[in-house]
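What follows is subunit A paired twice: with subunit B in the first complex and subunit C in the second.
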Partner chain A sequence: MVKILVIDDEELARFTIREVLESKGYSVLEAGDGEKGIEIFHSEHIDLIITDIIMPKKEGVETIIELRKEAPDLKIIAISGGGRTRNLDFLKLAGEYGANKVIAKPFSATDLLSAVQECLE
Partner chain B sequence: MNEPSDVKQQFDSFFADRSATSKGRVFVLDLSPVKDVLGDRWEKLKQQVYLTTSDVVLHRIQPTDIHCRWDDERYLVAFGALDQARGRIKISLIAQEITQRLLGSTDQDKAIKISMATTDENGEFSWDKDAAPSKLAVEKTLPKAPIKNEQTKEKPDAVGRDGIDFVFRPLWFVKNKIISSYFCIPVRDKGDGHFLSGYDILNDPQDPHAITALDLLTMKRIHKEALALEDTKMPALLAVPIHFESIASGGRRSTLIDQCKKNLGPHRNKIVIELTNLPEGIPQSRLQDFIQILKPFSRSVMARFSSGHRDFAGFKHVGLHAVGIDLYGDRREESKIIQSLEGFVENASKLGLHTYAHGVRSISLTTAAICAGIDYVDGYAISDVHEGARDIKHYSIRMPYASKYSADEPSHE
Partner chain C sequence: MVFVVSLVVSLALGAWYNSVITEQSARLVEVAQSRARMIEAIAEYDRLDGYNHDRTHADSEKVTLGQVASAHKKFKGFGDTGEFTLAKKEGNKIVFFLKHRHDIEDIPKDVVWGSDVAAPMHKALQGESGLLIGLDYRGVEVIAAYEPVKLLNYGLVAKIDLSEIKKPFIYRAIQLILISITMVTIAALFFMRISTKLLRKIEHDEALIRGVIESAEDLIFAKNLTGQYIFVNRAMECLYNLPKAKILGKTPHEILPESLADNMCLNDGLVLKNIKFNNLECHFLIDGEIETYHTNKSPMVLDNGQISGQIGVSRNVTEQIKTESSLKDAVEKLDYTAQKYQKIFKTAEVSLWDEDFTELCTALEKLKNKGVVDIRKYLNDHLSEAYDLAALIKINDVNDKTLAIYGAKSKEDFFNSVTDTFGEDGIHIFIDEVEALWTGERSFTAKSKQRKVDGSEIHVVISIPLPKDKKLLKNVPVSIVDITERIIFEQKMVEEEKAKAELEFIVNQSPIVAFLWKNKEGWPVEYVSENVSAWGYSKEQFETNKISFSDIIEPRDLKKMSEEIQKYSEKYEDSFTQEYRILTPDGSVRWIDDKTWIRRNAQGEITHYQGICIDITEQKEFERQLWQAQKSESLGNMAGGIAHDFNNMLLPIIALADLTANQLEDNDPIRKRLIKILESGQNAQELVKRLMIFAREEETLLKEVDVNDLLASSFDLLQATIPSSMEITCNLLEKNVNILGSYAQLQSVFINIAKNAADAVQGKNALLDIKTSVVLNNFPLLKSFLKDGKSEKYLHIRMKDNGPGINQKHLARIFDPFFTTKPVGEGTGMGLAMVLSIVSAHHGVITVNSRLNKGTTFDIYLPII
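And now, the complex of A and B:
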């Protein structure tokens, strides 16, 4: 079964994404920040990571940089609402630093599932 | 890493020229806390650790200084032209930056340790070519910086000048992608590689005379730095903190104004004043008085508040350029800090005020601050502004990642 790790500091965001992915048969693990996410990555076999950008402790671009060093072939999707200013520059930077797909929040379940399927193909 | 004979030659040469005063100028950076944090990943990541460490050291040292990686976990840095006090400040800043870049926000017990290499019983720094690294004589901790215990009400002595020094934090104007100014921060070395800053450096933080004396000292330092900048033609601005206590009372205020005329007035176009420790709920009229007093000596006035402050009504109209927060001593969880950032900026910006943040100590807080809309974010502290002359004045959102991850640049723009 494909295992997806969702890294987002917002519990509601993780819950929503989990619901969408599990409805399609994916197995989902969660982490509240990049530090925890990397910890889980080291202890589980993960097929794909969906990571938010603005997070405490270790934010999304840092997480992507570090994951890419360890696992160049790992599939990564970056998501972000850009904070109060809707700043999507960091999402763009996430793509440049190695995210396979970037999606701006809010996104639909269809958008998310399309991105996941494209990454896993 | 240099071959041992090259390093020996460099250090031999260093101590031959300055053998009488070499003690207290050779420092050891101990990376073992980083190794402990990384655990099994140390072997895989240590080259990256060395890259980052060397990058920070090379960026901070002068041609009169030398450094080497001594062994798997230690670097030596020797300052050729600094006295012990300034050397301690500089090595502490270097250690802080390396720690922050490698480990982000972290507890002090996980920070890189620093210590001094000592001389032998003959007063000579002995170097044995074949010595194992463990034979290098080191003092386990830095001797405590001298702290004056007595304090009088006479203004020049009230602050206890021994052991006080200053660091400068560059402030980055996010929208224009440039370093706009350098904040002068008085500090006192704790003796363990970390600093006290703000009121903590005073023997009695409640003593308004001591606070004023501190502000006067800071202004003198700014004056000195401004003169040095004039020589270099650097376009940077200098920001100086002035505490509420120094300006609130009539007697201390007139002393402050005299010093402003003397130390800030000649450099007015380069000076930004930051009002600090303003009481919550300060009336707009009082703030206006303060700004009118200080404006003649500066190009703009900013004011620092707690991150929970939300009422900025009228502040723009009375001449305040920006409002800001200091995260340096804020030990709340980053998630709580990030939440309070958004509220602070939202309330300030809707009233037309710029916003700034000091002490932004991790990339996650930097990203959150920028996305919250903070206009000015600070970077790693330096000991002299002219040291910043070698920094790239242009600074974009890529810089924190480039700094932390050294050569790892994105594949395309």
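And now, the complex of A and C:
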């Protein structure tokens, strides 16, 4: 069973993504921030990580850089609601630092599932 | 008279005769004595000689007689009758020995001793010596000196006939008597002739003197020792108002009241003690007026020195005193006037010089006589003479103001350095002055630059009256006015005028239009700077009142402006600022920023307003854009802030609605509802996207865009998205250009504007015309909006619809975010805000114009590479 780790500080976002992924039979693990996410990654076999960019404690881009160092082949999808800061496209940045896909929030269930599928293929 | 004359003549002759007799007698005595001594000497010698020759005395006597007789022979006598006789008494006879000159006989006959004749010989023979007048031997009266010749006992007589002596006296006496008689006769006749006239003259003179005394105005009187009048003249009668008869013999006390009489008798006692008094002052009351008399009193002294009374003369000096008093007054007045003028001279606020031109004029006369005609030329050719002439002017005095003007401490200080005060132009001004004097002008005035005692410069005006009367040359009043302050003021004025002109130039070169308008209906303009031409008006139009200030004010602002002015005027403010719009002759509207000063007169009434007006139209537009930008920026910040959270919130809505919907059957009614939720969530997502574009959250990547390609693709997009009821036309550029831009964003600009147009028109024949062209940066509608870093050329896209237009109120807010006129739910109000944001991000300009019922036009300008 494909195991997907969702890292997002928004509980509602984690719930939504879990609902969507579980509907297609993916096993979903959750983390509230980057540190927690990396901890879980170390303790579990994770096939795919979906991480938010703007988070407390450890930012998404920082998390991606760390994960990529440890697991260059790990599939990572970066998601972000954008905003807050101007002139910096964190999603694009995430892509440059190793996210396999980037999706802007809000996205539909369809968009997410197709992105996950693309990554896992 | 004859007697007197005869007496005088007789006395004179007598005296003369006596003296002649005395003289003759002395001569006779002397002659007799010397002859007797001589004969005695000869006899002595002969006697002694006789002793030697044994001769007797008788013989010696004979020798002596012989010698005497011999000597006597040659003697011719003296005068007509004078002679010597020598005789001896022999018995009773007197025997004469010598031959005498009266040729009666050779030797006189003997005379009987004791007879009447030969009286002198008698005396001599009696041994006497002397002189007598008596009869000689002839019996003729003679004057004779007799002398004894003692040794021989002879007598010697020297005699002369008395008749010879008397003869000239008798003749003279007769002559004198005759002359005297003649003279006396003549004198008597003469006396007789003139004495009558003399008497008459004396009588006449006496009458005259009496008349003079009588008719004299002076009081003349004489009083005796007891003080009674013994003479008074007519004036006295008048004084007493009494006839002479009632005055004479009376004392003043018998006629006058005591006090007046005392006055009249003042010092009378002393006068009678032989003291004279002059100018005794007496006062009389005559016809009610006090008259003053000066009286001179002197004693009447007789030949024997006794005083018999006094004479007095009184003169009425009332008029004289009055005259003297008025003369004194006049002199005092004159003195006062002189003092006054002296004071005026001394304290005058003008420098006054009292100068003496006498020597100068004399020197000029000499030059004239020498033949000099043109004095100016002459002095210019002989400058040293000009200096000499200048030195001939004597300064008598100067006043205090002169010292003040020239900064001299004292007159001495001033006179010591007076030549230093003359400026460099001094000698030429002097030559001008001399010419004026020469040509007989009445006065001379000149400006001169002089020096103070300390050397600092002063400007003065010199005025000299040039007197015609030579007497006035001694004191010519030269006045000098210090005009230094005026000159400095004038120089300042010139500088100020210059500065004013420069200021006016600066004002005219500046964008500030200066106005001065009157506080009257319509605000007529008194002054406006020339640069009002920038507004399309001329200075002249305003200043000739063809246009007044209120005429150019935008009617919508006029009321507000009047109220503002009214408000500030009532508050007694000095100045205030306001913004208003004006209309230019071409119909365009300009924004003016006006600082207005209120001018009031002495009564506090407002007379004028003066305003400096700046055209702030462009600034206003810039401010509007800035305000827009600031609004957009703050909105962008806000949008950026909420977008993240908003997107997060939308995630469960969209994703879960999508998920759940996909899990339901197609015909499941819940699925439809979920799809609506999904759509609505996606709309919200779209709005956030737009907000993010507006906030430039999403970085705009500008790339080279082919304009015609952009236009073509946009046209296709519009055709697909805009309702078909609206016809869209679009032209392409003949010569294609590239711009730097975002394809997608620019497309969204076209779509947003087109959508707004479509929403506004809503009907048949709706039309959207898109025209494109290339313009230069000085394109009139564009240039005022461009800032630094502008391009040379711009792509101009004009999108014009034929809709109802937008009113001005809405037009001003059209680019504001969230501003919409659409019903709630139909419009977000972000469309045109985003358009402005995109155009600005492309360094372009967008303007909008709209006329009600005519349509709205958007002009977009984008820089061409």
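Going forward, the second predicted complex is superposed on the first by the 115 of 121 C-alpha atoms of A that agree within 3 Å, B and C clash if a C-alpha of one lies under 4 Å from a C-alpha of the other, contacts with A are read in each partner's own complex, and residues count from 1 in each chain.
Here is the rule we use: a residue touches a chain if its C-beta (ideal position, glycine included) is under 8 Å from a C-beta of that chain, and two chains touch if they have at least 3 such contacts.
Computed from a predicted structure; not experimentally measured.
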| item | value |
| --- | --- |
| Which superposed partner A:Leu112 touches (first subunit B, second subunit C, both, neither) | second |
| Subunit B versus subunit C as contact partner of A:Gly82, first or second or both or neither | both |
| Touching partner for A:Leu12 - first (subunit B), second (subunit C), both, neither | second |
| Partner chain(s) touched by A:Glu59 [first = subunit B, second = subunit C, both, neither] | first |
| Contacts of A:Glu96 with subunit B and subunit C, given as first, second, both or neither | first |
| Interface residues of subunit A shared between complexes with subunit B and subunit C | 54, 82-85, 87, 89 |
| Residues of subunit B that touch subunit A when the two form their complex | 44, 104-105, 333-335, 337-338, 342, 345-346, 362-364, 367-368, 370-373, 397-398, 401, 404-405, 408, 410-413 |
| Subunit A residues touching subunit C - in the complex, by the definition given at the top | 10, 12-13, 15-17, 19-20, 23, 54, 80-87, 89, 104-110, 112 |
| For the subunit A and subunit B complex, residues of the former touching the latter | 9, 33-34, 53-59, 61-62, 65, 69-70, 82-85, 87, 89-90, 93, 96-98 |
| Touching residues (chain side subunit C, partner subunit A) in the complex | 636, 639-656, 658-659, 662-663, 678, 681-682, 685, 692, 695-699 |
